[in-house]
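Order of writing sets the chain letters: A, B, C, D and E. Residues in each chain are counted from 1.
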Amino acid sequence: MANHLIFYFFAGLAVVSAILVVTVRNTVHSAIFLITTLLATAGIFLQLHAQFLFIVQIILYIGGIMVLFIFVIMLVNLDVALHQIRFNRQWVVALVLALVLAAEVGFALKVGAKGVYLPSGQSGQMEPNTEMVGSVLFQNYMLPFEIASILLLVAMIGAVVMSKKKI
Amino acid sequence: MHNHILSVILFTPLVGAILALFIPRENVNAHRVWGNLFGFLGLIVSLPLLWRFHIGASGFQFKEDVAWIPSIGARYTLGIDGISFLLIMLTTVLGAIAILSSWSAIQTRVKEYYILMLLLQVGMLGVFMSLDFFLFYVFWEVMLVPMYFLIGVWGSDRRLYAAIKFFLFTLAGSVIMLLAILALYFKNGATTFDIPTLLASASQYTDAFRTIMFWGFFFAFAIKVPMFPFHTWLPDAHTEAPTAGSVILAGVLLKMGTYGFIRFSLPLMPTDHVANHHIITIMVVLSLIGIIYGALVCLMQKDMKKLIAYSSVSHLGFCTLGIFALTPHGLMGSVIQQINHGISTGALFLIVGVLYERRHTRLISEFGGLSTPMPSFATVYMIITLSSLGLPLLNGFIGEFTILRGVFEVSKPWAAWAMLGIILGAAYLLWLYQRTMFGPVTNAANEHLPDLNWREHATLLPLVALAFWIGIYPKPLFDVLQQPVKELVERVNPDYYKAERMKIPAKLPAPASSTPTTAAAPATPAVTASAAGSK
Amino acid sequence: MTPYFLDHIWLIPLLPLVGALVMLLFGKRLPNSFVSAICVGLVFLSFVFSVGAVWQLSQMPAEARHFEKVMFQWVPAGPMHMDSGKIVDFTAEWGYLLDPLSSVMILVVTGVGFLIHFYSIGYMGHEGGYYRFFGYMNLFMFSMLTLVLANNMLLMFVGWEGVGLCSYLLIGFYFLRKSASDAGKKAFIVNRVGDTGFLLGLFLTAATLGTIKFSELGDAITAGHFAYGAPALTAIGLLLFVGATGKSAQIPLYVWLPDAMEGPTPVSALIHAATMVTAGVYMVTRMNAVYQMAPLALEVVAVIGAVTAIYAASMGLVQNDIKRVLAYSTISQLGYMFLALGVGAFTAGIFHLMTHAFFKALLFLGSGSVIHALSGEQDMRRMGAMWVKIPTTAKTFLVGTIAIAGIPPLAGFFSKDEILGKTFKYSPALWIVGFITAGMTAFYMFRLVNMTFFGKSRVDHEVEHHIHESPSSMTVPLMILAVLSVIGGWIGWPAALGGSNRFEHWLAPVIAKHGEAMEETAAAHAGSIEYVLMFASVLIALAGIGLARRFYIQDPQIPARLAANWPRLYRLLYRKYYMDEIYDALFVNRGKDLGTTLGAFDRNVIDGLGVDGTGWLTRFTSTVSMWWDKWIVDGLVNLSAWVAQLLSYPVRMLQTGLVSSYALFIVLGALLLLGYYLKPMLR
Amino acid sequence: MHAILDHLRNLLSGDVRLILPQIQLVLFGLGILLTDFLLEKQYKSWNAVMAMLGVGFSGFSLWQLRGAIEGGDMVAFRASIITDHFFIFFGFLFLAATALVILLSVKYLEIEEEHHGEYYALMLFATVGMMFMVQGTDLIVQFIGLETMAISFYILVGFLRRDKRSNEAALKYLLLGGFSSGILAYGFSILYGLGGSTNLFSITSTLDKRAQSIAPAGDLLLLLAFVTVAAGLFFKVAAVPFHQWAPDVYEGAPTTITAYVSVASKTASFGLLLRLFQTAFWPAHASWQMPVAAIALASLTLGNFAAITQTNIKRLLAYSSISHVGYVLLGVVAQNDTGLKGVAFYLFAYTFMNVGAFAVVIILRRKGLIGDELEDLNGLSQRSPAAAVLLLIFMLSLAGIPPTAGFIGKYYIFLSLVESRHYWLALFAVLYVVPAVYYYFRIIVHAWLRKTTDPIAPVISLGQTVALTVASFVVLAAGLYPEPFIRLAQYSLFLPFGHLSGR
Amino acid sequence: MTGAIPMTHYLLLSLALFTIGVVGVVTRRNVIIILMSIELILNAVNINLVAFSKMAGVVDGQVFAIFIITDAAAEAAVGLGIIIAYFRNRETVLADEMDILKW
C-alpha cells in the first residue's frame, strides 16, 4: 500500500507542478515548479528502485540544469515578463490538439497494453542496483558513454560560443 | 559490318560545341566561323548515309550497340530505318541552314548561341537514332534545355514566358511518357530498354494494358506535335524564338512528336477492334480539328510568325491524320509531309527572319509592296508560299496528296474535312503574301530595303531546290519509306495486305463501232458491262 | 520506231517551261527584244511540234490514234484499298497522252497561245516587268499543255493547279493595284474550292476504279460491273464537276472571272477566254467514260451550264466595261459548252470550245487594241465612232462579233448550232434557254460593237488626239484570228448541211461508244428538225443584232427609256443580280457591324476576305477559334499556372515564422498519423 | 613502451577499429580546438586544412573498413554498432559532404568575419554524430549520435551571432529540434518497452516474434512507437507537416551551414530512418506504407507549390529540398530493392547537386552583398560564365532533367513505384517535376536571362573551385555514365535480418 | 511490494507529463518556458524508460535514461546559450516576436 501511496503522491505532485510550470506567469516560479516536478519524478525513480537514477536526477538535473535555467532567467528576464501575456494566440487550438493527441496516445497505450504481451522478465523483482547500473554503463554501454562525452563537449563549446560576447 | 557512322553524325556537333568552349567569348567572328563550320560538317558527315543506306532492307541499319548502364539494361543502341533516315537528313540539312542563317541575326552572346545550337542538334539527332528507350528519353529531354535558352536569351519581348511555357508543356508530356516506358520495361521483365524488343513484346499484352500505354505515350507526342488542345505553347514559342530557333523548332522538333507516334504509339495500339477504333477516332478528330482550327486562327493573325506557327498546327494535323489512317499511303504521306513541312515552314521562318532583320518587326501591317524593292526575295517567298499551300510540282502537294489518298481509303468524310484545311491554307498564305509583298510601298521605311544577300540566298535556295525536287521526283522518298511503312502497317493493320488484289484489266477489244440498240439508252451500258463480265 | 514528233512530245510543254525558267531566273537582265524572242519563239516552236505530232497522229488508223509516252514514275506505286475491298497498286506517272481530243487542245493552246504571245509584244511593250509577264505566260503555257497532255488525272491536276497559279500571278500582274492582287487572290481561292472537288473526285475515282489513268478508265468501269447510273460514278462526276465549275467559272463559282479582268488584256484573252477556263470542259470530256455512266451528273452539268449561260448573258446585257461584257460573255459561252457536255454532245462541246477560243481571243485582243488606242479607257460610254480611226481592229472585231452571234457561215454558227440541235433532242426546255441566250448574245455583242465603233464619239478630248491604230504585231494576230473565226467552223460542217463533220469523226475514238450510239440513233430520227432549229437560231441572232442596232444606233434613247420604265430590272442586271451586294450584305456588313460592336475584329480581315466571299463565316469562326485559343485553351494553361501561384501563397502563409505554430504542426502531424491507425480501432 | 604499442595495436584491431573513422574525426576536432588558440587571425584557414586532413584520414580508415567487411558485416561493442555496406556508403557520403562544405567555408567565414576553429570542430563532431546514427544498432547509440549531430547544428546555424537571422534560425531550430527529439525519445522508450532491450537486433527479433501473435496492423503500441519515432525522424528530414523549421533555418543559417544541414543532416536522418524502418518497424511495413506515401505526397505538393513564388534562393532551395524528401520517401514507400537503391542514389545525387547549388549562392557572398536573393543572381552568365554554367547543371539535376545525376535518381524512384504497382503515386511523382522545373528555371532565368545592374564578377576561391568542380563532375558523371554510381547504390543495399531477401 | 502498481499507470503518468510538456511548447510565448517544457517531455520519457526497465528487470532502461538526462543537459546548455545570444541582439525572449524568417 505504501508503495501505492508513494507512487500516487509523487505522480500527483509531478503532474500538478508540471501543470503549474506551463501556466504560471512568473518564469522564476515556473523554474521552481519544474524543480518540484523533477524532484517528484526522482521520487518515482526511487519507487521504481532506480536509486542511481534518483541521484543523477537530483544532482545533475536539479543541481545543474536548473541552476543554469534560473541563472539565465535572471539574466534575461526583466520585470516586463510579469506583465506579458503568457499564452500565444493559438493556445486554445493548441491545447485542444495537444489533448487530442494525448487522448490518442492514451487510448493506444490502454488498448495496446491491455492483454498485450509485454516482455516482463522478472517483473518487479528489481533489487537495489546502483552497482549494476554502473557496470552495465561501463561494459555494455561504453560506446554511448564515449559518444555522450563528445555530446557534452559539443554542448560546452556551444554554450561558450553562443554566450560569449567575443571569441 | 561494323561501323560508327551514326555515332559520328551524332557527336560531330557535340565535339564542335565542346571545342567552342575554349574559344574566348570576345572573339565573336571566330565563334561564327566555328559554329558554321561544325554545322556544315554535321551535314557533310551525314551525307554518306545517302548512298550507304540500304533501300528495301527490313529492320534497322547501321546499328551500333554498346553497353551503357548494364544494371538497368540500358544500352547505347543506335540504328535507323527509312523513317528516321529521312528525319535525320532533314535535321542535318536544316541544322546547317539554321546556323548559317544566324550569322548577322545574332549579335549578343554569340558564343553561347552557337554552342547551344550545336547541342540542340545532338539532342534531335539522338532522338531519331536511339533504339534504346532510356537513351531515347535522355535525348528527348536533353534537347529541351538548349531550346529553352535559344528562346529565352535571343527571343523577343515575351521570351521568358514563351520559353518556360515551351519547356513545361513538353516536359509534362514527356514525364508521363517516362512512366509508360517504365511500365513497358517491367512488363517485359525489366531486363532491357531495347525499343524493338519492347515494342514487339507489346503484342502479347492485353488490350487494356496497351490502351493505357498508348495514352501514356500520347501526351508526350501530342504536345510535341502539337495536336489540337495541346498546341498553345507553339505560337508563343515560335513567335518569341529567334529565326534559327523557329526554323529548328518547326522544322525538326515538332517532327519528334510525329516520329514518336509512328515509332512507338502505333505498335502499341490495341488489337481489339473497338478499342482500336476508339483511339483512331479520337486521334483523327483531334487532327481534323487541328487542321481546320489552325488554319482559321491563321486568318486572324497580325504577326507573321504567329501566323506561320498556327499554320504548323494545321500542317501537322495532316501528318497525324495520315498516321492514324493506318494505311501505307497515309503513313508515307505523313513522313513525307513532315519532311516537307520542315522545308517549307523552315523556309518561311527564314523569310520572316530576313524581314525581321531588316525592320525589327514582324507585324504584317508594317509591310506591304515589298516586291518592288526586293524582287528576288519576292520570288523565293512566292515559291515557298506555294510549296506550303500544296501546289503540285512543289513538295507540299506530294505530302498532302499522299496523306489524303491514304485517308480517303479509310473514310471519305475525313478526307473531305481535311480538304477544308487546304482551301484555308491557300487563303491565309496568299493573303499574307499579298499584304506583305503586293501593292505600293506604303511605309517609307520599306522603300529601300536591300534584297537578299548571298548568305540569305545560300540559306533559302537549297530549300527551294529541295522543294522542287520532292515535288517533281519524290520517288526516292517513297522508296526509302516503302519497307518500314510496310512493316508498320503489317503490324498495326494486319488485314491490310490480305485483301484480294485487283488487276487493272488488260485493254479490252473495242466494241463494234455501232452497236444497234433499240431499247432505252440506259440499258446499253449494263448490257456491255455484263457482256464484258461474262468473258 | 516512234515517229519523231510523237517521240518528242514532251518537248511541247517543256519548251515554254524553259522560257519561263529563263525569264524568272535571268529575265531581269535581258533586253525586251531578247525576252520576246525567247518566249514567243519557244511557244512557236512548241506549236510547230504540236502540229507535227498531231499530223503524225493523224497518219495512224483511226482506232489506233492513241499515243502515250511515260517519262517517269512520278508518284510511285503503293498498295491501297479500293471501295470494293480489293487491293490495288496506286501510282501516277509523269506521262503524256496524245489522242484526238488532246490534239485538238494542244493545237488550240499552242496556236492561239502563240498568237496572243505575239500580240503581247506590242501590247505589253511599254509595261514594266516585261520579262515577268512573259515568264508567267510561258509558265502558263507549260501548265496548260501539261493539263491537256496528261495521261492521268493527277498529272492533269498538276496542270490544273499550275494554270490556276499562273492565272493568279497574271491577274495580279499589276500588283501595285490592290484590286488586281485582290482579284488574283480571289481567283485562286475560289479555284481552290473547286480543286478540292477535283481532288476528291480523283480520290473517289481511284477508290472506285483503281486507276486514274485516262486510258484505263473505260476498261475499269467495264471490269467493275458498274450499273448505269451507279452512285459512285455519279459522285465522281459531280465532284469533278465541282472542280470544273471553279476553273470554268460556272455557277456558283463564277464570281472570280469578271474580277479577273484586272489582268492585262492578253491574259484575259489567253487564260480567261481561250484556254484555261475551258479546262473544265476538256476535263469533263476527258472523263466522258465516267459521265456517260452517270446520267444524273450529266443532267446537273447540263442544267448548270444552261442556267449559267443565260444568267451570265443577262448580266452582259447592261455592262459598260468593254472587258466585263466579254467576261460575262465568256461565262455564258462556257455555259453553252457545259450544256453540250451535259446533253451528251461531247464533240459539240469541244467544237464550241475550239471556235470560241478563236473568236473570243479575237474579241479580247480586239478590245485590248481598242483600250490600247484609248490609252487605257475601258468604259464603253466613253467610246464610239472608232470605226474609221482604228479600222483593222474594228473590222476584225466585227468578224469576231458575227462569229459569236452565230451567223453562218462563221465559226460560231456551226458549233452553237450543233449544241442547240443536240440540246433540243435532249430537252426542249433547255433548248429554249439556250435559244434565248443566243439572242441575248447577239444583242449584247452588237451593243458592244455599236457603242464602241459606231454612233457618236463620246471619247474624252485629250484622249481623242492620241487614238491610233495598234502596231502590226498586234493587228496581225487579230487578222489571223479573224480568219480562223470565219473558217474555223468549217471542219465541223454538219451532215445536215451536206458536210461530213470531220471534227466529230476525228474525236469519235475518244468518246465512249455507248454515248455515240445514242447520238447516232437520235440523229437518224431528227433530220428535218435540224433545219428548223438552224433557221430559228439564225433568226434570233439576227433579231438580237437588229435590236442592238435600233437601241444603240438608231434610237440611243431607248435603253435609257427602258431603264427608266423597268428600273428594277435594269438595276438588277446592271448590278449583276446584286450578287456582290448580297455577299456584302450577308457577310461583309454584318461582319462590320459586329466588328465595330465587338471592337475585336480586324477591319482588314473583314474587308479583305469578305469581298472575296470566303466570307464572314470564316472570319467569325476564325475569331471564335482565336478567342477559344486565347481564353480557353491558353486560359486553362495560364489558369493552372495561376492556381499554382495562388496555391503557393496559402502554403507559404502556413509558414508563419512562429515556433509555436510550427510545433503545433508537428503535433498535428503526429496526431493525424496516430489517428489514421486508431480509426479502424474505433469502429 | 613496446607494451603500450602492442596494447594499442590490439585495441585497434578489436572493436575500436570499427569506430576508427569517428575517432580520427574527434581527434582532429580536438586538435583544431587546441591549435585554434595559437593561430593568428589571418592563418585561420589552417583550421580548414586540419579539418580536411581529418576527413581524409577518416575516409582512409573507412576505406580500409570497406575492405575488411568484404567477408561479412562486422559488429562491435556488444552489437551496438554494425559496420556494413550501408554504413560505408553513408559514411563516405557524410565525409564527402563535410569536405565539400569545408572547402566552401573558408572564404565565406572570412567575409562574415566569424572565422573560428570551433566551426570546423563542430562540423567534424557533427559528422561523428551522423556516422554513429547510421552505424548504431542500439537505440542509445543512435539517439546520442543524433543529438550530437543536432546540437552541433544548432550551434553552427547560430554561428553568426551578430546576425539576427542567424540567431533566430538557431533558436527556432533548437526549440523545434528539442521538441522533436523529445517525441523521438518517447518513441524510443516505447520501442524499448516493446523490445525489452535497447539493442536493435534483439528488438527486431522480439518484434518479429510478437508479430506472430498480434497482427502488426492492430498492434497499437508498436504503431504508437512508429508514429512517435517517425514524427521525430520526419522532422529531421523535413517532411510535411514536420518541415516548417527548414525554410526558416535554411534562410537564417550561414549559407555553408545551410548546405551542410540540407545535405548531411537529411542524409544521416534518412540513414537512421531506413535502418529503423527496415528492421524494427518492418513487421508493420504494410501499415506504414500508406501514411508514408501520404507524407511523401504532401511533401511534394507543399514543397513544390511553396517554392514557386519564393524570391530568396536559400528559402526556395529549402522548399525544393522538402519536395526532394517527398521523392526519397516514395522510394521508401515502394518497399523494394529498386526503391532502396533509388533512395541511396537519390541521396547521393542530392548531396552533390544541393551542395553545388548552395555553393553558387556562397560564391555570390561578398562584403556588402548577402547574395541570397534571386535578384542577386541577375546577369551571372555575363559576370561569371563558369558559375552560371555550373548553376545550370545543378538546377537541371535538381529538376531531374537528363543527363544529370538528379534524373537517374528520380528515374529509380519512378521505377520502384512502377515496379511496386503504385501507378498513381508514380503519376503524381512525375507530374510534380513540372512545377519543380518551373521554379528551378526561375533561378536559371535570373542567372542567364536577366540583365544585371551589378557589374562585379564574383571571385571564386581555390577551395570553392575545387568543391564546385567535384560536385559538378559527380553530378554530370552520374548522369552520363551512371553505371558505377548505380553499383555504389546497389552496394549500399543492406539486407537486415533477411527481411528483404525473404520477400 | 504488495500489489504492484500496474504498468499502465506509469505510462499514463508519463503521458500526462509528456502532454503537459507538449502543451507548454505549443501554448507558451516565453522561449525559456518552452525549453522547460521540453525538459518536461524528456522527463516523461525517463519515467517510461525506468518503468519499462523495472518491468523487464534489466537496467538498460535506466542507462538509457541517464543518457537522456545527459542529452537534456546538453540541450539546455546550448539552448540557454543561444537564448542569450538571441536576447543580446533582439531584447526579447518571446517566441511570437521571433518572426523575421517566415513565408
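By definition in this document, contacts are C-beta pairs under 8 Å (C-beta built on N, C-alpha and C of every residue); 3 or more make two chains touch, one makes a residue touch a chain.
All values reported here derive from a predicted model rather than from experimental measurement.
Undergrad: Treat each pair of touching chains as one step and give the shortest count from chain A to chain C.
TA: The distance in steps between these two chains is 1.
Undergrad: Shared touching chains for chain B and chain D?
TA: C
Undergrad: From the centre of chain B, which other chain's Cα mean sits the farthest off?
TA: A
Undergrad: For the chain pairs A-D and D-E, which is connected through the larger number of C-beta pairs in contact?
TA: D-E
Undergrad: Which chain's mean C-alpha position is the greatest distance from chain E's?
TA: Relative to chain E, the chain whose C-alpha centre sits farthest away is C.
Undergrad: Roughly how many whole angstrom separate the Cα centroids of chain C and chain E?
TA: Chain centres of chain C and chain E, defined by C-alpha means, are spaced 96 Å apart.
Undergrad: What's the distance between the Cα centroids of chain C and chain D, rounded to whole Å?
TA: Roughly 78 Å separates the two chain centres.
Undergrad: Counting only Cα atoms for the centres, state how far chain B is from chain E in Å.
TA: The mean C-alpha positions of chain B and chain E differ by 68 Å.
Undergrad: Taking each chain's centre as the mean of its CA atoms, how far is chain A from chain E in angstrom?
TA: It comes to 5 Å between the two C-alpha centres.
Undergrad: Could you list the positions in chain E whose residues touch two or more of the other chains?
TA: Answer for chain E, listing residues that touch two or more other chains: 18, 21-22, 25-29, 31, 34-35, 51, 55-56, 58, 60, 63, 67, 70-71, 74-75, 78, 82-83, 85, 88, 95-96, 98, 100-103.
Undergrad: Could you check chain C for residues that touch two or more other chains and list them?
TA: Residues 652, 655, 657-661, 663-664, 667-668, 670, 674, 677-678, 681 of chain C each touch two or more of the other chains.
Undergrad: Specify, in ascending order, the residues of chain B that touch 2 or more different other chains.
TA: Nothing qualifies.
Undergrad: Judged by the touch rule stated earlier, which pairs of chains are there in contact?
TA: Listed in label order, the chain pairs in contact are A-C, A-D, A-E, B-C, B-D, C-D, C-E, D-E.
Undergrad: Please output the residues of chain D touching chain E within their complex, sorted ascending.
TA: 139-140, 143-144, 147, 151, 154-155, 158, 161-162, 164-165, 167-172, 174-175, 178-179, 181-183, 185-186, 188-190, 192-193, 196-198, 247-249, 251-252, 315
Undergrad: Give the list of chain B residues in touch with chain D in this complex.
TA: 25, 68-72, 109, 112, 137-138, 141-142, 144-145, 148-149, 152-153, 159-160, 163-164, 167-168, 171-172, 175-176, 178-179, 182-183, 185-186, 190
Undergrad: Applying the document's contact rule, which stretches of chain C touch chain E when the two form their complex?
TA: Answer in residue numbers: 652-653, 655-660, 663-664, 667.
Undergrad: Of all residues in chain C, which touch chain B in the complex?
TA: 24, 28, 63, 72-76, 78-82, 84-88, 90, 154, 157-158, 160-162, 165, 168, 172, 175-178, 181-182, 184-185, 188-189, 192-193, 195-196, 199-200, 203-204, 206-207, 210-211, 215-216, 219-223, 225-229, 292-293, 295, 513-514, 516-518, 520-521, 602, 604-605, 608-609, 612, 614, 618-619, 621-623, 625-626, 629, 633-634, 637
Undergrad: Going by the contact rule at the top, pick out the chain E residues touching chain C in the complex.
TA: So the residues of chain E in touch with chain C come to 22, 25-29, 31, 34, 95-96, 98-103.
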